[in-house]
Structures are given as C-alpha cells and as structure tokens.
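Read from first to last, the chains carry the letters A, B, C and D; within each, the first residue is number 1.
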Amino acid sequence: MFKTQKDFTYLMPAHFGGGKFDPEAKLTQKSTALLIRYETDQKLLENYIPEGFELSAPEIQVAFNKFTEINWMQGGHYNLIDVSAPVRFNGKNEQLDGNYSLVVWENNTAPILGGREQTGIPKIFADIEDLHVLKPHYATTASYAGNTFLNMNFEATGELTGDEFEQAKAQSSSLNTIGWRYIPKIGAPGAELSQFILYPQGMEMETAQIGNARLKWTEMTPMQNPVQFHIINSLAALPIKRIINALFSEGSATLRAFGARILK
Amino acid sequence: MFKTQKDFTYLMPAHFGGGKFDPEAKLTQKSTALLIRYETDQKLLENYIPEGFELSAPEIQVAFNKFTEINWMQGGHYNLIDVSAPVRFNGKNEQLDGNYSLVVWENNTAPILGGREQTGIPKIFADIEDLHVLKPHYATTASYAGNTFLNMNFEATGELTGDEFEQAKAQSSSLNTIGWRYIPKIGAPGAELSQFILYPQGMEMETAQIGNARLKWTEMTPMQNPVQFHIINSLAALPIKRIINALFSEGSATLRAFGARILK
Amino acid sequence: MFKTQKDFTYLMPAHFGGGKFDPEAKLTQKSTALLIRYETDQKLLENYIPEGFELSAPEIQVAFNKFTEINWMQGGHYNLIDVSAPVRFNGKNEQLDGNYSLVVWENNTAPILGGREQTGIPKIFADIEDLHVLKPHYATTASYAGNTFLNMNFEATGELTGDEFEQAKAQSSSLNTIGWRYIPKIGAPGAELSQFILYPQGMEMETAQIGNARLKWTEMTPMQNPVQFHIINSLAALPIKRIINALFSEGSATLRAFGARILK
Amino acid sequence: MFKTQKDFTYLMPAHFGGGKFDPEAKLTQKSTALLIRYETDQKLLENYIPEGFELSAPEIQVAFNKFTEINWMQGGHYNLIDVSAPVRFNGKNEQLDGNYSLVVWENNTAPILGGREQTGIPKIFADIEDLHVLKPHYATTASYAGNTFLNMNFEATGELTGDEFEQAKAQSSSLNTIGWRYIPKIGAPGAELSQFILYPQGMEMETAQIGNARLKWTEMTPMQNPVQFHIINSLAALPIKRIINALFSEGSATLRAFGARILK
C-alpha cells in the first residue's frame, strides 16, 4: 500500500509519488515580458483587496510573460498574464510591501495547479498568444473558448540604458508577490484553509525597452466565459485613467522552489 | 476592502466573489461514455492505493466521458479520462465500498480546479479527442504536448437490452467516487491538508452497447511529459491481463454540487 | 520512380498516391446546424459577387455546422461557418440559381484543402467552438489566433412540425453551392485557373427548431488577423438590416464526392 | 459586381480582393531550425520521386523550423517540419539540382494555402510543438488529432565556428526547393494543372551547433490519421540507416514573394 515519505512534498495525485523537499531547489527559466501599469480608481480597486491589506497606490499592473527553457518542465514553456496591485500587508507580526496577485491567467495547467496549491497564486486558464512582433510593434491577446477578453499592444520607442536600465533591473530583481491560498470547506460554506502567502520572485533583466501601450478589456457574458466572467468584468469596470509605464524586457528568472512562506 | 460572506463558498481568486452555499444545488450534464475495465496485477496496483484502503479486486477501470450541456458551465463541454480501482475504505468510524480515483485527465482547466480543491479528485490536464465514430468502431486518444500516452478503441457488438441493460443502468446510477484531497505545507515537507473525500456520483443511462475493446498506454520520457510521466509510466507498467468489460453508453448525469463529505 | 495512374485523382503531395476516381463515391456525415439569414445592403453586397452572377436577393446566410461520423475522415469531425449569398449564374451555356460561397471558415485543414482545390469553395481556417447549449440557448464563436470575429446566438422558440418542417426539409435537401476555383499564375499576376464550380449539396434534416438569433461581426486589425482581416471587415461593414430566418437543425448529409462540375 | 484587377494576384476567396503583383516583394522572418539528414534505401525512396527527376543521393532531410516576426503575417509565427530529398531535375529545357519537397507539415493553415497554391509545396497540417530546450537537449513532436507521428531529439555537442560555420552558412544561404503543383480535374480523374515549380529559398544563418540526433516515425492507422496515414507510413517504412548530419541553427530568412517559376 502507498505511504507518504516524511521528507517529501506532494501534489495530487499523491499516491504516484512526490519529490524530496529541498529548500535549495531552484526553478530557472528564460523570460520575455511585456508589462503595462496604469492608474485606476482607488475605491473601485479596493473592492478586490482583502482586509488586512491597504492599497499603496490606485494602480494595476498587467504583465504578459513567456517563459521558455523551464527546468522543472524539462525545457517546456508557457505564457501568462499576471494582474496585480501594489499593497501593504499589515499583519499581527509583520508589515510588508508587495504586489497582491489579483488573478493570473496561464495557458498551461501544470503551473496553474502548483501555483494555486503551493503558493496561493490565483491562477486560472486562458489561451494566450505568443507575442506578434513587427518591430517596433508588439501585440498579444488573451481569450477563453474563442472569446477575446484582453488585448495588449506595445510600440517600443527606445531602449533603456545607463542609470534608467539599472533602476529597472534593480526593481524587477526582487518582487514580493502575495497570494491568498484559499481551500473551501467540504459540505459547508467557508474556508478549510485561508492563508496569505508571500512568494518572493525576481527577474534578471538583460534588455529593456520602453514605449507606448494600449490595453483593452472586453466584457464577457456568462455564456462566453462561464467561470471567469465576473473576474473579467470586474477588471473591465476599473477605468484606465492613465498608462504609467510600459516596458518590454528579456532576461531570465530564478526562483527558490520552496521559498514561499505564510504571512502572519 | 473585500470581506468573505459567511454563507458563501469560494475558489481562488476569492476576492472577486464566490457563490452562496446551497446544499440543494445540482450539477447537470449530458454524458457520452466509453468504459473499459481490465484485470491487472494485484501487488503492483496496491502500490498506488493508500493505507486505510484495501483493494477489492485487482482491476482498473478507464472511462472516457464527454460531458455537454453542462449547466454550471452555461452549456459548455469537456472531455475526461477517469482511471480508478475498486476499494474498500476502512476508517475509524465507517466502512465503505467505492472507486478510488487514481487519476483523471480532463481537457478543460475549470473542472480540474474545482475537482481538486472541492472534492480531492486528482484531476490533471491532457488533450482528449472527441470520439471518432465509424460505426461500429469508436476511438479516442489522450496526449500531452503532442505526445500520445493513451489510445482507446472499441468495437460495438450489440446493444444492451432487457435485464442486462437494467443491471448496467442500476450499476451506473450510483457510484462512490473517493478522492484524496492533499494540499502541501508551505516551506516544509508534508501535508497542510490530507483528507479522503467521498463524492457520490451517478449517471442516468439511456442506451448502452457492449463490445470488444483495446487500450494502449505508451510510456513517456520526462522531456515528453515533464509533470505526468511518473503517473503514466506507473499505469503503463501494470499488465492488462484481460479485458473484463467494455461499454459505450449515453445518458445524463446529475450531481449534488456540494454532496461530497470527508471520510473518517 | 513515381508515375500517376490514369484513372486516379490526386491531391498534393501526389507522389505518395491518390485514390481511384469513382463517380459513385459517397461522402456521409452527421450534421448539427445553426443557420441565420439576414437582409443587408444590396449595393454593398454586390461588391463581392463576381461578374457573371446576379444577386437574387440582398441577403446573407451564415451557417454553423458541426459534422461528425464523417466517413472519409474515418469517423472524425470538424466545425464550419459558411457565409453565402443567393445568386443567379448567367453563363454562356446555362442559367442556374444557387448560393454563391463568399467564404467558409473551418477548424480543420484537411477539408479546407480538398474544398479549395477540388471544388473551389473558398475555405480558410478559424477556431470554431462546438455549440454551447443551455436550452433553449445556443451559442458559438469564431476566432483567429485568439481574436473573436464572429458570435452567433440562438434562442429556440419552437420545433418545426407538419408542413413547415416538410418545407424546411425539402429546402435543405438540395442546395446549389457555387464556388470560384482560382489558382494564381506563378511569376506573374492573374489566374492560371479560374472556374466557377457547381457543387450540389444537401442535408437530410431530421429535426428543426426556429428561434430568435443574434449575430455579431467584430472588425479586426491586420495585426490581429493578418490574412483574413479584409474579408472579416468587408462582412462586418454589411449592415444587418433584419434577421429573416434562424434555424437549428440536426440530420445527416450525403454528397457525391466527385459530383462537382464546371459552370459555363 | 466584383472584377479582378489586371496587375493583381489573388488567392481564394478572390472576390474580397487581392494584392498588387510586385516582383520585388520580400518575405522576411526569423528562423530557429533543427535539421536532421539521414541515409535511407535508394529503391524505396525512389518510389516517391516523380519521373523527370533522378535521386542525387539516397538521403532524406527532415527540418523543423520555427518562424517568427513574419512580415506578411504582421509579426505572427508558425512551425513546420519539412521533409525533402536531393534530386536532379532533367527537363526539356533545363537541368537543375535541388531539394524535392516530399511533404511539409505546418501548424498554421495560412502558409499552407499559399504554399500549395502559389508554389506547389505539398504542405499539410500537423500540431508541431515549439522546441523544448533543456540545454544541450532539444526536442519536438509532430502529431495529428492527438496521435504522435514524429519525434525529433537533438543533443548539441559544439558550436560551429570558423570555416565549418562559413561552409554551413553558405550552404543554407541558397536552396533550390522544388515542388509539384497539382490541381485535380473536376468530375474526372487526372490533373487540371500539373507543374514542377522551383522556389529558391535561403537562410541567413547567424549561429549553428552540431550534435547527435534521434528521429522516430510512428506508423498511423487510418482512424488515427485519416488523410495522412499513407504519407506517414511511407516515410516510416524508409529505413534510417545512418544519421549524416544534425544541426541546430538560428538566423533569418528572406524570400522573394513571387520568386518561384515553372520548371520545364
């Protein structure tokens, strides 16, 4: 009969075996990113920030990322769209600034499962196009069952160099990503597990370009997107007051596989 | 700021809202199923059955299902391949016969997330073809990133009628599906949550055909299927000693959305 | 060395062999169809009808079809969106009423190639969702590289019965589909081959429902849909003045594989 | 009514408009290629080489290519698997050495249609994975409807430098690709159009690595791959006697859009 091993960590299905818990294990990958940050309405955005946090600025950051040469996927690849807001966590024991993860769409289920269950990042599925690149134009599209809900367009205007590049590089090298791991009770309302999780991340930026950007959310009906329409429509209802920053960058990312911890 | 509501149930991301916990909520869908049950080696199969269960017979059931007109997906659809073994659960408080869910592949991430987090069914992703039907031949294929790991072939030899149909209908109308909900600790080995879950299911069978079947597992390298190869290779290593039963059926399925409970 | 056989017909690549030309060969398949016919502007529509035809009515018919159990695909399946207009062909030798095929999107390349090269139907690729069915609501979506360009919605209001059904059945049993087979010159402008082709088709309708329908074209930029944007934008610019007819039907279709002929 | 313009070239559907025939038009794209060349049996291979050619060597070349930043696709991308053999064309008017295109699989229908109809390259559809890269290992897979028919694996052993690189670069800079444009008669066996087409191609190689390679064809049943099984099984039956060359390279490709001509 199957028994778990004491020093192992598992994901469902556990009974086919897990992996040794190794605090030094590293996740490595190459990254091509398109990031757009915009100002929105503070009151509306706060509706989606849980108690215990305060919003640091009325801003939303939408980041497309294509990861390739991923070591834990044996060289595989996937795309994501990460939507987050800058927050301060005010816990009983600690205060911390970070990016609260509102939602992350990924076009591959494997990192979705690990991300949700191991680190509380609210990952869900979408089809996400590789960047279409007709320099200086870059574009991508996120859709679900054939229904487009997000278009991102970028026009590069210049390469970041010197101090500006060093600053962007420093900023992206260390990010406090915060997720809310929530597992429901069975047979009753409420949570069986509810934890805020800090997952430090960072990218080793190699090149970066700034530019002009457009971003368009399209509202969905329940029939078009039955399980995500409320998320998309919530985001679509937040006004895009002003694009603050738009950046295309390439580099690599190294994460500690088991580097997350519970915030208290 | 966002607050959860007391009588609601949530999935990540929780902060965009959940749904009222309604014990009477029903999940409905149409079902087209191809089921193949075969005898295998008892000792080898027991390696994947957790302590607390005993194997009722050295048998594996592989069931393809295409669900359509799914009410909670607003009329959407998906396919699955369900692999299970007949077990007896010997708990502290109860004994129960059921099908232990070894693994379920689905070609849609939405039911994967709910299935794992709400009922402990070990669902993972695969591409699963709709049935190719050239009567009396039926075939389907499961693959991951272009690499085929399962082929199912069926040749109908006759429709089930009379008592035989009534018996098959009765059997499929009530199934004790048992999953193992396992959520890992963060920053340490072992489980934060580990529960065996009973999720009673059933199908209202309308027509059924018996026939001859072939089923072929193909071993995968880590580079072909980085996160599932150990599951597939474990199943591929279990001998197919004899096909016990092969059935193609159509009907509908009604489930209580919150009808699962923890086994003790 | 490879030689073609006299009584064979071939598609590229020809050198791996073709099939015997059999005038009696039949293509069979099951069909689930959603058809929406609407009135538009005559002058605008005529821009896309070649000389030699006259428009019989300022109408466009958009038909979704899901074909399954396709014999020449060994039981496989695919979806299509067929856009046509009613025309009269005025040739040197003959006059004929039919449906001029403006464009057909299909989600499978195999029938696209045969359709273009063997019968001049202007088939191109799109992702086309299986119908989402939450009775009485039906919906589908066509997209390209994640960008939605067509939504079709239908609400059934009643089953066609009696004379009305017989009339619909008779109408769908024999259709004169007309395509324009156009193969360009190499190294020069103009056509190497330019022929109008009649391909008689028909469906054996088994059930039909009428209802209310909505249809929405979404304009595309070249970056969203580089090779089809001009087609989509042409169709999107044609006003939908009035829905004339909306029909959901199920049945089967039988075609003579080599039943097409050149119109003169 | 629609009329074609004299100096335009068209693809179906022609009535939505074509493009000006511009002999100087350039197709540009970035290329990531994995090429494996192997020795096979001369007699068997000759079965697939049409009369009028002679086989220059009993060799098959299988080349994976990922094209990105494609100008005529407005920055889009696609993957292909090109299978060819070295031949000499012995025509009435000319003799020419080149690569005869046996079959090309592509994962995007748009270049398939243009390739077939404009240049006679026998392109057909397959799902083709982006390279999985876990240096020095590279792998890709081609499949159809979930059934794997080709696996390519490469292990880089060293970068090409100096004269060796210059030689590889020179070789790839100018390739005589030869296709057979074949359009069938309608309503009768035989060809309406049958032409051998020369389409000069070339890649500007920027880096190249040599290495060890494995390539595996898997036979298909008609039910697994109804329209291509005879092609795949023909190739699978050709023995891989010896890998002659295996090369991973990156660079760009520039083609004259209308640079093809008919061989005579």
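Everything that follows uses one rule, which is that a residue touches a chain if its C-beta (ideal position, glycine included) is under 8 Å from a C-beta of that chain, and two chains touch if they have at least 3 such contacts.
Going by UniProt, the chains are A, B, C, D = Acetoacetate decarboxylase.
The structure presented is a predicted model; accordingly, all values stated were derived computationally and were not measured.
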| item | value |
| --- | --- |
| Copy pair chain A (Acetoacetate decarboxylase), chain B (Acetoacetate decarboxylase): interface residue numbering same or different (half cut) | same |
| Interchain centroid distance [CA atoms averaged], chain A (Acetoacetate decarboxylase)/chain C (Acetoacetate decarboxylase), Å | 42 |
| Euclidean distance of C-alpha centroids - chain C (Acetoacetate decarboxylase) vs chain D (Acetoacetate decarboxylase), Å | 30 |
| Multi-chain contact residues (two or more partners), chain D (Acetoacetate decarboxylase) | 73-76, 132, 134, 137, 139, 145, 223 |
| Arrangement of touching chains [line / ring / star / complete / other] | complete |
| Contacting residues of chain A (Acetoacetate decarboxylase) [partner chain C (Acetoacetate decarboxylase), same complex] | 127-129, 132, 134, 137, 139, 141-143, 145-148, 151, 153, 223-224 |
| Residues of chain D (Acetoacetate decarboxylase) defined as touching chain A (Acetoacetate decarboxylase) within the complex | 68-69, 71, 73-77, 130-135, 137-139 |
| Residue ranges of chain D (Acetoacetate decarboxylase) in contact with chain C (Acetoacetate decarboxylase) within the complex | 1-4, 6-17, 20-21, 46-51, 53, 72-76, 101-103, 108-110, 112-113, 116-120, 122-125, 145, 179-193, 195, 197, 222-223, 226-227, 230-231, 234, 258, 260-262 |
